[in-house]
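Structures for review follow.
Look at the two complexes coming up: subunit A is in both, with subunit B in one and subunit C in the other.
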Partner chain A sequence: MRTPLILLLTTAIACALPAVLESGYFINVAIIALIYVILASSLDIMMGWTGKFSFAHAAFFGIGAYTAAMMQRSFGTDLWAHLPAGMAAAALFGVLLGLPSLRLQGHFLAIMSIAFQTVVYLVLAQWTDLTGGHYGLPVEVSPELGNVSTFYFVTLGCTLVACLFVWFLTQSRFGDTLTAIRDDETLARTIGMDTNVIKIVAFAISSALAGGAGVLMAHHIRGVTPNDYTVMTSATIVAMVVLGGRGKFWGPIVGALILTILPEVLSDLAEYKHIMYGALLIFMIMVMPQGVVGALTGRKAK
Partner chain B sequence: MLECTNVDAGYGKVMILHDLNLTVRQGQLSAILGSNGSGKSTALKTLAGLVTPVKGQITLDGKRIDGLPANAMTEHGMCLVPQGKEVLAGMSVEENILIGAFHRRKDKSGIAEDLDRVYSQFPRLKVRRKAAAGVLSGGERQMLSLGRALMSRPKLLLLDEPSAALAPKVVGEISDILRGLRETGLTMLLVEQNVSMAVELAEEIHILREGRIAHSRLNGPDFDTSDLKAYYLGSGA
Partner chain C sequence: MVSDLVLLPQFLTNGLVIGSGYVLVAVGLTLIFGILHIVNFAHGEFYMLGGFAAVLGSQLLGLPALPTLLVVAVVMAAFGLVVERVVFRPLGGKDPTNAIIASFGLSVLLQNLMLKTVGAEPMAVKSGFAPGAIQIGNVFITAERIAIVAAMAVIVAALLLVLRYTWTGRALRSLSENPTVALISGVNVRRVSLITFVIGSVLAGLSGALMSTVFMVQPNSGALIVMKAFIIVVVAGMGSIEGAIIVGLALGLIESLVAGYMGNELRDIVGFLIVILVLAVRPQGLFGLKTERS
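== the complex of A and B ==
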C-alpha cells in the first residue's frame, strides 16, 4: 500500500505547482504532461500488463476528444457530461479493436492496431459533416473552468483517480489474470481463465481511460483537430511506456513526464522531436530494455 | 472416466488425429507413447480443449466436453500440465501455486488446505515460496507446474512430457512424485517420449502413430518392451 500513499503525496506536492509556476505557459505544459500520464498509464494496461502492443491509443484519445466536441455542438453539454460519454465511446471502440486481438498475436496485432488508428484518423479528417474535417471543431469551456489553474486542478484530480484505478486494477485478481496472459496465454487458459473475455475487458478499460484523457485535452486546447490524434501521437505514447518501463506502475508516469517536459525544455529542437524519440527508444532498448523505472528498481528475472 | 471416441482433430486443414479412440479408467495412470510428430501433444491438447475436434466425441464422467473452451475444463475437473514447464515468471512461487485455484477463488479455507498439501508434497517449493518463479531450475518448475495443477482439485490430470529436458536424477524425482499422486487415487494421462519412465509408472500404455492408436495394452510384469521398440522403429506393424 506504499505506492498509493506516495502517489497521494506527489499529487499534494503537484497542487502547489500553480502557485510556484507564475507563468500560464508552464501550467499549460503541466496539464499536457498530466494528460499524457493518463494515456501512458492506460496504454500500459495493454502493453505492460497484458503484453499486447497497440499503436492505436491516440485513436481512443481522439474518439474521447471528438465525443466531447460533438456532444457540445449538438447538446451544449459540459465537461462533466463529456467525461463519462467520451470514456464510454472509447471503450466501445476498444472492444472493437479487442476482437481481432483474440486471434492475432504479437506483431500482427500491432499492425492491426496501426490500421485501426489510420482508419479512425481518416474518418476524423474526411467526414467533414460530422467532425469538421481538417479544421476540426471548437470546444467551449464552461466559465468556472475557464481559469488555467482551475483546469489544472481538475486535470490533476482526474489523473490521480486514473492512476489509483490503474494501481488497484493491476494489483487485483484481474491484474493477475492479465499478467498470466502476458506470460503464457495457453497456461492461463488451462488454469481456467477465460482469456477472451479478460482481453476484451482490458482493451475496453485501457481505451476508456484514453477517451477520458481525450475529453480533458479537447477542453484544454478548446477544440479538436484530427492532426492531434495521428499514429505519431500513438507512437509517442508507446515511447513513453517503453522509456519509463513496461508493467511497472511508475514506469509510464515517469516516461510521460520526461517525454512531455523534455521537448519543452529543448524547444529550439522541437522540429527534431521525433528523431530524438527514435534515438531515445533505440538507446533504451539497447541499454535498459526494462525502462527507467525498471532499471532503478532492479532486474526481475524472466 | 475419460472416453474419447472416433476423434479427428488438427490445425486448419491439416488433420493430425484420425479416429482416435482412447479410454482412461478411474484411478488409473495411462500413458501415451509415440515418436516425434505422432500426434501425442495434439491428442492431449484436444482433450484439454485447446484444439477443437472436427469429428467424434469426448466425454468425462459421462458428460460431453468436446467443443468446450479450455478454460472450462478445470471446472469439469480436468487440468492440463502443459509441456515446457511453463510458469508465470513475474510472480512468486506461492502466487503461481495459488493461481492454480483460480476457478474456485471463493473457497478460502479449501485453498489454504490445498496449499499446505502441495507444500508437503513438494517441500522444495515451500523453501522457495517467496522466490520469483522465473529463477527456478527446470525440475523446480516442473514441480511448480504440478503443484499449480493440483490446486484446481483435478479428478484427471493431463501431463504433457513432464520429463522433457530434465536431468536423469530429476526425472527420477518427478517419477516418484507421480507415483505418489497415483497412490492417492488421482487419475492421470501421461504423454511421454521417455519410454522407461512411462513403462515404470503407467498401468496402461497406448502407442500413438500417425495420429492413430496403433497399440494399447495393460502394463504388467510380463510387459515386453521389445514389442514397444518395434513400434517405435516401425518394423513391428
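== the complex of A and C ==
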C-alpha cells in the first residue's frame, strides 16, 4: 500500500502548485500534463498490462471531448453531466472496436486500431453537420469553474481518482488476469479464463478513462477541433507510455509529465516537439525498451 | 440516372489511376509486411519522400521524367538500406511490438522533419508532358495519369519476372513460405531480407513520385496512403503479391465510384469499413491461404 500513499502525498504537494506558480500559463501547462497522465495511465492498461497494442487512444480521447461539446450544444449541460456521458460514449466505442479485434493479435490489432483512429478522425473532420467539421465546436465552462486554478483542482482530483483506480485495478484479481493474458493468452484460456470478456472489459475501461480525459480537455481549451485528436496525438500518448515504462504504475505518469513539461521548459524546442517524440520513440525502443521507470527499478518484471 | 451513367467511364478511369498508385505502394508493403513481417508504419513516409525526391529531380535539377524516376529509385534504395540496417535489423527477432513502435516513431520523425525543412505547402512534380486533357470517347485523361497506369504495369511486370526467374526472386519466395527452411537450404536470409526491404521502399518511392505529378506532395501525404496500403495487404492476404495487385486496383475503383455516386466525404472511409469486415469474417484475407493472425 505504499504506492497509493505516495500518490496521495504527490497530489497534496500538487495542490500547492497554483499558489507557487503565479502565472496562469504554467497552471495551464500543469492541467494539460494531468490530462495526459490520465491518458497515458489508461493506455497502459492495454499496452502494458494486457499486452494489447493500440494506436487508437486519441480517438477515444476525441470521442469524450466531442460528446461534451455536442451535449452542451443540444442540451446546455455542464462538466458534471459530460464526464459520465463522455466516459460511457468512449467505453461504448471501445467495445465496438474491441469486438472485431478479439480474434486479432499483434500486427493485425495495431492495424485495426490505427484504422479505427483514422475513421474517427475522418468522421470528426468531415461530418460537418454533426461535429462542426474542421472548425470544431465551442465549449462553454460554467462560471464556478471559470477560474483556471479551480479547474486545475478539478483536473487534479479527476487525475487522482483515475490513477488510484488504475492502481487498484492492476493490483486486483482482474489485474492478474490481464497479466496472464499478456504473458500467455493460450495458457490463460486453457486454465479457464474467459479471455474475450476480460479483454473487452479492459478495452472499455481504458477507453472510458480516455473519454473522461477528453471531456476535461474540451472544457480546458473551451472547444474541440478534429486536429487535436489525430494519430499524432495517439503517437504522443504511446511515446509517453514507452518512455516511462510499459506495465509499471509510475511509468506512464512519469512519461506523461516529462513529455508535456519538457517542451514547455525548453520553449525554443516546442516547435520541434513532434520530431523529438519520433526520435525518442526509436531511441527508447532500441536502447531502453523497458522505459525510464523500468530501467530505474531494475529488471524485476518482464 | 442516365446522366449519372454517362460519368461512369470517367469514374472508372479515375479509379484505375488511383488504384495503380495503391498497387505500387501495397506491393512494396506486401514485401515488407507480408513476407518480412515488419510492420512498417513509415511506409507512407517512404511514399512521401519519393514524391519529394521527384520534386528534387524535376524542379531543382530540371531532369526529364525517366531520369527523375531513376533519381527517386536511387535515393529510396539508399534510404531503405539505411533504415533496414539501422532500425529494423537490430530490432528483428525480439518482441515484434518494438518494431511497430519504432516504425511509428520513424513515421512521426520523417513527417515532422520534412515539415520543418520544406514546409506544409503542397509541391507539384513537373512531368514535362504536354498540359491539357486528352479526350477518349467521353473520358478525359491527362498524359500524367496515363503514365501512372503504364508505369505501374511495367514496374509490377518487371517485379513479377524478377520474383519468378531470378535466384533472388526464388530465395524471396522461399523466404515467404518458410524462413527456417529457406535458411537451411542455403538462402542468405539477411541479404535477401535487405534486398526485399530495399525493393519495397523503392516501390513506395516510385509510387509517390508518379502520384505527385497529379496530386502534389506534402509532408503528410503518406499518412492516409500507408493505411490504405495496410488495408490492401490485409484484405489481399499476407504475402500475396497477385492479391495485392487485384485488391489495390479494386480499392481505387471502389473509392472512385463511392466518391462519384455517394459523396466525396465517404471516399476515404470505405476502405476501412471493408478491412474491418474482412478481418472479422476472413482474417487470412481474400487471397491468403494460411490462417495467420499474428
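The rule is short, and it goes like this: the second predicted complex is superposed on the first by the 300 of 302 C-alpha atoms of A that agree within 3 Å, B and C clash if a C-alpha of one lies under 4 Å from a C-alpha of the other, contacts with A are read in each partner's own complex, and residues count from 1 in each chain.
We adopt the following convention: contacts are C-beta pairs under 8 Å (C-beta built on N, C-alpha and C of every residue); 3 or more make two chains touch, one makes a residue touch a chain.
All values derive from a computational prediction rather than experimental measurement.
A.B. asks: With both complexes superposed on chain A, which partner does A:V238 reach: first (subunit B), second (subunit C), both or neither?
C.D. replies: second
A.B. asks: Could you look at A:S142 and tell me whether it touches subunit B, subunit C, both or neither (first, second, both, neither)?
C.D. replies: It touches nothing on subunit B or subunit C.
A.B. asks: Which holds for A:V123: it touches subunit B only (first), subunit C only (second), both, or neither?
C.D. replies: second
A.B. asks: Report for A:T150: first if it touches subunit B alone, second if subunit C alone, otherwise both or neither.
C.D. replies: In the superposition, A:T150 touches no partner, neither subunit B nor subunit C.
A.B. asks: Residues of subunit A touched: more by subunit B or subunit C?
C.D. replies: For subunit A, the partner with the higher number of touched residues is C.
A.B. asks: Quick check for you: in the superposed arrangement, does A:H274 touch first (subunit B), second (subunit C), both or neither?
C.D. replies: A:H274 sits against subunit C, while subunit B stays out of touch.
A.B. asks: Determine, under the contact definition given at the top, whether A:R189 touches first (subunit B), second (subunit C), both, or neither.
C.D. replies: A:R189: touches subunit B, not subunit C.
A.B. asks: Should A:T179 be classified as contacting the first partner (subunit B), the second (subunit C), both, or neither?
C.D. replies: In the superposition, A:T179 touches subunit B alone.
A.B. asks: In the complex, go through subunit B and note every residue touching subunit A.
C.D. replies: 48-50, 69-75, 79-82, 86-91, 95, 99-100, 102-103, 105, 132, 134-135, 148, 152
A.B. asks: Would you mind writing out the residues of subunit A in touch with subunit B in their complex?
C.D. replies: 173, 176-177, 179-180, 182-184, 186-187, 189-196, 247, 300-302
A.B. asks: For a test of understanding, state which residues of subunit A touch subunit C in their complex under the given definition.
C.D. replies: Counting only subunit A, the residues touching subunit C are 53, 55, 100, 103-108, 110-112, 114-116, 118-119, 122-123, 126-127, 231-232, 235, 238-239, 242, 271-272, 274-275, 277-282, 285-286, 289.
A.B. asks: Considering only the defined contacts, which subunit C positions touch subunit A in the complex?
C.D. replies: Residues in contact with subunit A: 33, 37, 39, 41, 87, 90-91, 94-98, 100-102, 104-113, 116, 223-224, 227, 230-231, 234, 265, 268-269, 272-273, 275-276, 279-280, 283, 293-294.
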